Amino acid sequence: MDINTLKKLLESVASGNVTVDEAVTNLKHLPYENLSYARVDHHRSLRKGFPEVIFGQHKTAEHILGITKAIAEKGDTVMITRLSAEKAGLIKTQYPGAVYHDEARILVYEQTPPAKKTTGLILVVAAGTSDIPVAQEAVVTARTIGHFVETLYDVGVSGIHRLLDHEELLTKASVFVVVAGMEGTLPSVVGGLVDKPVIAVPTSVGYGASFGGIAALLAMLNSCASNVTVVNIDNGFGAGYVAALINSLAKT
Amino acid sequence: MDINTLKKLLESVASGNVTVDEAVTNLKHLPYENLSYARVDHHRSLRKGFPEVIFGQHKTAEHILGITKAIAEKGDTVMITRLSAEKAGLIKTQYPGAVYHDEARILVYEQTPPAKKTTGLILVVAAGTSDIPVAQEAVVTARTIGHFVETLYDVGVSGIHRLLDHEELLTKASVFVVVAGMEGTLPSVVGGLVDKPVIAVPTSVGYGASFGGIAALLAMLNSCASNVTVVNIDNGFGAGYVAALINSLAKT
Amino acid sequence: MDINTLKKLLESVASGNVTVDEAVTNLKHLPYENLSYARVDHHRSLRKGFPEVIFGQHKTAEHILGITKAIAEKGDTVMITRLSAEKAGLIKTQYPGAVYHDEARILVYEQTPPAKKTTGLILVVAAGTSDIPVAQEAVVTARTIGHFVETLYDVGVSGIHRLLDHEELLTKASVFVVVAGMEGTLPSVVGGLVDKPVIAVPTSVGYGASFGGIAALLAMLNSCASNVTVVNIDNGFGAGYVAALINSLAKT
Amino acid sequence: MDINTLKKLLESVASGNVTVDEAVTNLKHLPYENLSYARVDHHRSLRKGFPEVIFGQHKTAEHILGITKAIAEKGDTVMITRLSAEKAGLIKTQYPGAVYHDEARILVYEQTPPAKKTTGLILVVAAGTSDIPVAQEAVVTARTIGHFVETLYDVGVSGIHRLLDHEELLTKASVFVVVAGMEGTLPSVVGGLVDKPVIAVPTSVGYGASFGGIAALLAMLNSCASNVTVVNIDNGFGAGYVAALINSLAKT
Amino acid sequence: MDINTLKKLLESVASGNVTVDEAVTNLKHLPYENLSYARVDHHRSLRKGFPEVIFGQHKTAEHILGITKAIAEKGDTVMITRLSAEKAGLIKTQYPGAVYHDEARILVYEQTPPAKKTTGLILVVAAGTSDIPVAQEAVVTARTIGHFVETLYDVGVSGIHRLLDHEELLTKASVFVVVAGMEGTLPSVVGGLVDKPVIAVPTSVGYGASFGGIAALLAMLNSCASNVTVVNIDNGFGAGYVAALINSLAKT
Amino acid sequence: MDINTLKKLLESVASGNVTVDEAVTNLKHLPYENLSYARVDHHRSLRKGFPEVIFGQHKTAEHILGITKAIAEKGDTVMITRLSAEKAGLIKTQYPGAVYHDEARILVYEQTPPAKKTTGLILVVAAGTSDIPVAQEAVVTARTIGHFVETLYDVGVSGIHRLLDHEELLTKASVFVVVAGMEGTLPSVVGGLVDKPVIAVPTSVGYGASFGGIAALLAMLNSCASNVTVVNIDNGFGAGYVAALINSLAKT
Amino acid sequence: MDINTLKKLLESVASGNVTVDEAVTNLKHLPYENLSYARVDHHRSLRKGFPEVIFGQHKTAEHILGITKAIAEKGDTVMITRLSAEKAGLIKTQYPGAVYHDEARILVYEQTPPAKKTTGLILVVAAGTSDIPVAQEAVVTARTIGHFVETLYDVGVSGIHRLLDHEELLTKASVFVVVAGMEGTLPSVVGGLVDKPVIAVPTSVGYGASFGGIAALLAMLNSCASNVTVVNIDNGFGAGYVAALINSLAKT
Amino acid sequence: MDINTLKKLLESVASGNVTVDEAVTNLKHLPYENLSYARVDHHRSLRKGFPEVIFGQHKTAEHILGITKAIAEKGDTVMITRLSAEKAGLIKTQYPGAVYHDEARILVYEQTPPAKKTTGLILVVAAGTSDIPVAQEAVVTARTIGHFVETLYDVGVSGIHRLLDHEELLTKASVFVVVAGMEGTLPSVVGGLVDKPVIAVPTSVGYGASFGGIAALLAMLNSCASNVTVVNIDNGFGAGYVAALINSLAKT
């Protein structure tokens, strides 16, 4: 339930279209609904600005479906990350309107599209083609919340001119998500070129001494560029979410 | 050289108070000045929004003094982090107007105070009293750049009510810096209570299996709150800097 | 062989229903029975308060069945942890009365149900729905030993109010098992709210820098709450076992 | 402020010896007192069973003295862990009645000695003579809270008969703290001999591949004895505190 | 080619049964035979006391068969470790006399059985039933070289009496191989009971913080018993080989 | 596009066989071609001495085919590393002239064979037969660039005479690639014997405490031979590439 | 108390020079003497072949002196390892006959020199001059127990001919201690040259990625030579002790 | 003894100025001289191209002086790395002609300056001013061997234009040494710009998650630029030495 839905509900009460009892019924799920295996937080969109997002990786299809149903019934947008294509297919048999972004591995079921934010641009940059799935996780997340996102892919530092050619795009964005595996260098370079916040996402792309993304993670944490913060390895969702939060600030 | 200084220079050229040749002399240091041991980046404040900050930890007093002189002569604000009290004393004999924040270990030499930003509030939260020096590094950094900062200290999760009592303050801020050592839990708890970006700073406070801050760092990277990003262990400066960048967005 | 079984045997000897030779035969397996691949410790329930528990993970079905038989023949309760559904099926063909708890992956074959302890309550708390299997391992273990157990699931710190709403339940329990993956924060928060022992169980739930549970483990070891002790990653059994031992103290 | 102190205050109000206003003044510090650098939690002894303990390691002498004063003025027992002899000397000049346990590095200032608990025995076992300081931290902590504690030192597993000779003592205790560095084996051996909870404390004693206590910590986390839980490296205080909590259960 | 084979060859030359040219042909492979993918070291049994042992894990069936043929043609004993049952089946179709020890995963093809050494006893001790495959690797290795080996299995430290009951066997052996996973404690306990060399073998048995055998490895390296040395995780072969070398010393 | 191709193009322009417009069309892809998922760097062979090499491991067959086509159309040599046999088969259906080196897992599609360099010899040395695939990756890489390469395999340090027997070959080479897993010792020994650069390649061959190649990597980084540098675990390609670069220096 | 001392005591009883009561008094300290901070194990030389050795590193001078006195009074040899020169000086004021080996940091106080063993030779090999102190710890230990020891120093693998020149010495020894820091290669090379047990000792000599000896430790654990076992980093004492145990086997 | 010295000796023999016996005396030190604590390898300059270099860090002043004397007496150049200013002072009292490079911490005592190589240029690049001492170690090493070296300092990636401004210098060099701490990004960026070998040197400059240089080391090992190889953390000497070896190739 987001603020607009709440306002509409209260206006309906005011105008007599909804009785007080009906409103109470609708609101009484506060603060959350107990599914025994999960407590769905319906007021999160009031408190946090976006409905609860379902982390699909370790959950059974049944649990995911149950939580989806609980959220969908309140009219909220359902967003499920790290969802396999197979489980997504199951959800879509129940919710045909849901869209599965297969590279990003995110399913989105929107009953009302978000009002497009009138704020700045989020630029998602990826070092190599193998980093694109994580980058897309950030892209889909931020767009689902209602933000404008552009992308700049395969601009790793071993060919620094590929990046420098897009200086104009770099100056247009108000917040950056920079995704890189292997040596994880790109966020430092981007961070040195721009004067906006850069959210660095290490990926597990690499082999040997990349140690599943540790090398990239450490490089980003030690960035000599002061405008870089870091999220967990492969956490494209978190980066997209924070980028949206930051970008939202610009409008107030 | 920040934008105001540049504008004034150009206006002086326009009004005839400064000749074109003098202006050229002043600008020709672009892009940086070579001190042989360091290249001072005078146009950084144009490109990045704040003059180059000196990382004092591994540098000799002589090098620091040389870089300070190069920056100060351009009229820019000098800010030196991780500076020992002893070296700070040396700088102050040359620049009596400099202020040394001993808990934060930052020296600031401001020739013109920054125009106070008309944007939102930065709230810096620290878990324990031992985390305060790192928190203060963030506070001094953000204030030097011109932002409003409030603090909330000693509100670690082992007494969660200490934090919950300040709900009003939590809703007032537009960006958070949350500092914690040991198990590094506080950013997740704060992140769950607010709908704004949270920059988590792990500290090296702890012993045994804290491994110099690794435990806190990992906890923060794995935060189940989606609005948390992380900086390096004890990197209060970086957190304060990014918080200021984010907070600056609010004004445009 | 637990104390009650022993007493009954001796009373039978006293009453003439069992001859001394028969009793000797029954007791002579002391201190253990050698199956060549395993030494079954039949007097463990005397010495340790509960019969030997079989760790099923690395054992072949044949070995498990052999040990099961040796324990069952003495009349003791058989409990097998980390048992796959497939191997459990094999055991149940031989022991149809056995119960397989599939979420907990524990098989229990009880010939005589344990006398319910008249002691306090064990509360098992889990941060996320993905942590439930490990939590259930603790629940089934403690219940099999004869203790009252309640559960509180999906109350992770990113929505702290979910936990705080159950303050009453928190004050009722005499010992806590708190299960969490990812950043492993929940035991510290629970530990700060209660004045009873808290056994923290890190789980391998997470990705990237959770490193298979290391992040959660370190967070728990560094807990700023003084009443927290820790067991191995995913060791729900150990946590349930110690909780039962602690809870047993309350009755003497 | 513990329960007895609170009761006395209220009885004094009832009998007219204390006015309501005075009582309010005394109670209004709830929930804690803000010293700016620390929030002293005076109601902790109500909520947690023992007043707040001061972790002395990273704090300045001035901060420690300030917190000590705030606690002492409420009549509570002051306990400071990881306190250097030098800082302890400073505290004692202000509080001559304070006792400094130098091996344990704990200072205790008791205004009213605790009523001795009528519960069972805590046995603290240490593997080598170098582990004794950590063991003593547990001993002093548990005794200060009011428990009976016995010790068994230098009984490491390389001479297992030293331990087995004390079988009687092992059966008398209701909870164990077992302290060991190097290979950290002792808790598993003790755990196999007794049917009570064992709190294992790894120490940083060792060299080379002991990695400052990691080897001992891992050995304890992987204990094949089911009754072992673990605290942080060198955390004698935590072990003693939990042992006291567990031992307290026995009385109710 | 071992010393006996060499002697026989030379005696045959002396007696005229083998011509000098034939002997030269047989000896000219010195120092090794080049199979392009492997250099088979036929004189190793002269230099090292036993023919070259084939490490089967990373090699293709074709390579293994080629090396086997090269060794077998010289009349030497072929021993292949870490060999899957499937590849062993392939070898046995060519060498029906070969014996595959499936628990130890070793194939032995002996053309002449080794003269039994008249030296002392090697005792192989294993902590749990899951450690038996690694222990058997040591057993088969030492027996193939010609030594007497006894075993003592499932005597882990959580039931120390199981071990102490075999004191007589412990005094009979002249060298020990002690195999343990999880917390890796058993070698220290055995080492404290005997005055002979103990070779400790950590196994990868365990879960969570056992980290694939690291916990056991570290415990063994930090053993407080002075007579313990360590081999790689799961390296039963190396332990059996060194035990044989040590035991061989006893005869000279 | 390499230098020769460029020269020919310009000569064709000079001779009128290619119009200026056609040349412009051909050159205008500078600096790279955007395939949306990858930016192919056609001028890399001018800038870097060899066309862009495709890292096949994390890419889909479709992406690989697309990049292959873009490179092949410019007349450049296509080289794809870490390519599975299955994907290689797909490429070969489109480019029948391509050669797949299955041990090295490299596919090469050469439209014009490289002029053989007239420089010195590259010697690739491998410790064990299991290290050969990584060694072959270096061999195929250097040969594809046009260098003479010889190999010396199965000469690990446990039989040091195998290596010393090839002293002549060791003195002939101008640069060495030395590949080893397990303890990673061979580069130090080779480095001590020769006065040329040695590129050490750790492999993931081993088990237990080899930690997937970390042991070998650390040994090589700590080499006491001063002429050793190191590449990533299993990075035969990088070693072969740098060896070719170094060997190329000899000719100028 | 070693076997000879015991025999003499019993012979004295037999001959009437010592009364039974006196003998009982002398023997009744069995199994050990309790110094409150340490339990001295006087019968260790019977059970383990050598009196208890004192690990001096973490002990106070007072404790060391107390244990020394308890051992010396029984007529046993006192050996203290990891003893600083300063503490050694204190011991020598009480026991002027004690000898302090400063490179090895061992103090030995022998009341009766050991009968020289008539067994084989122990060869202690060290890679670099910086490894000599650890090597000397092994040398002094083995000599104090009564063994013949020779040394071969500064023969690291970067100059392999230095080692190969001593082939004769290598064939003479019956057991080897090989000490190396940095890449820790030497034990593998020595192990490949000889057919006797090799005890590898990693040292903390090195910098950067030697990680205080971890690189050398891992190299040794992964040795491709089958006759290598390993002790803790810098544990020269343990290596010398086990070498003596192995060498002792040769005589029986 | 280098090749020129050897030739002169032989020419002197040929001309009768040196008798055969004198020449034998001079040559008989082959292959090395035994100082008991060190074996000085006088023929190394023949075999390896430069006299033995002394690693000064772990050696006593006495040992260093002894080795210096042994080398100097043969007329060879003495080079001592990681030498403290204090020990350097001692050496200079004996060898006043020695030069101590204090930033590089190298002492060089040259009796005959090396003939300047007629080969290409070595360019040493450093990311930050704190990395300069390690860079200078490379510079002094390569210059002492006789190479031309230029430097480019303080050109870290957070201000990438500082590096790009020196494109001309980048194209002039035939081999690069690139030194960086913190996130260790610079070698990848330089590697992407040039077509020559790049030797990457991680430094221990940084704090927190730089882990003493591990972050930089991992970034370099995972470099996406194919022309990068890596040496140990802070190993400026090794990088300079290999750069000289590579640069030497250019002349033949």
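We just call them A, B, C, D, E, F, G and H in the order they show up, numbering each chain from 1.
We take it that a contact is a pair of C-beta atoms (placed from the backbone, for glycine too) under 8 Å apart; a residue touches a chain by one contact, two chains touch by 3 or more.
Quick caveat, the model's predicted, so the values are computed rather than measured.
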A-H or A-B - the one linked by more C-beta pairs in contact: A-H
Interchain centroid distance [CA atoms averaged], chain B/chain D, Å: 39
Whole-Å separation of chain centres (CA-atom averages), chain D against chain E: 50
Residue list for chain D, restricted to those that touch at least two other chains: 159, 208-210, 214, 217, 221-222, 226, 232-233
Every chain pair in contact, whichever chains are involved: A-B, A-C, A-F, A-H, B-C, B-D, B-H, C-D, C-E, D-E, D-G, E-F, E-G, F-G, F-H, G-H
In the complex with chain B, residue positions of chain C that touch it: 127-128, 156-160, 164, 182-185, 188-189, 191-193, 206, 208-211, 214-216, 218-226
Footprint of chain A on chain C - complex, ascending: 129-130, 132, 153-155, 159, 161-162, 165, 205, 207-210
Contact set on chain C toward chain E in their complex: 31-32, 36-39, 41, 44, 55, 57-59, 63, 82, 202, 204, 212-214, 217, 232-235
In the complex with chain B, residue positions of chain A that touch it: 47-49, 53, 120, 174-175, 193-197, 199, 217, 221-222, 226-233, 237-239, 241-242, 245-247, 249-250, 252
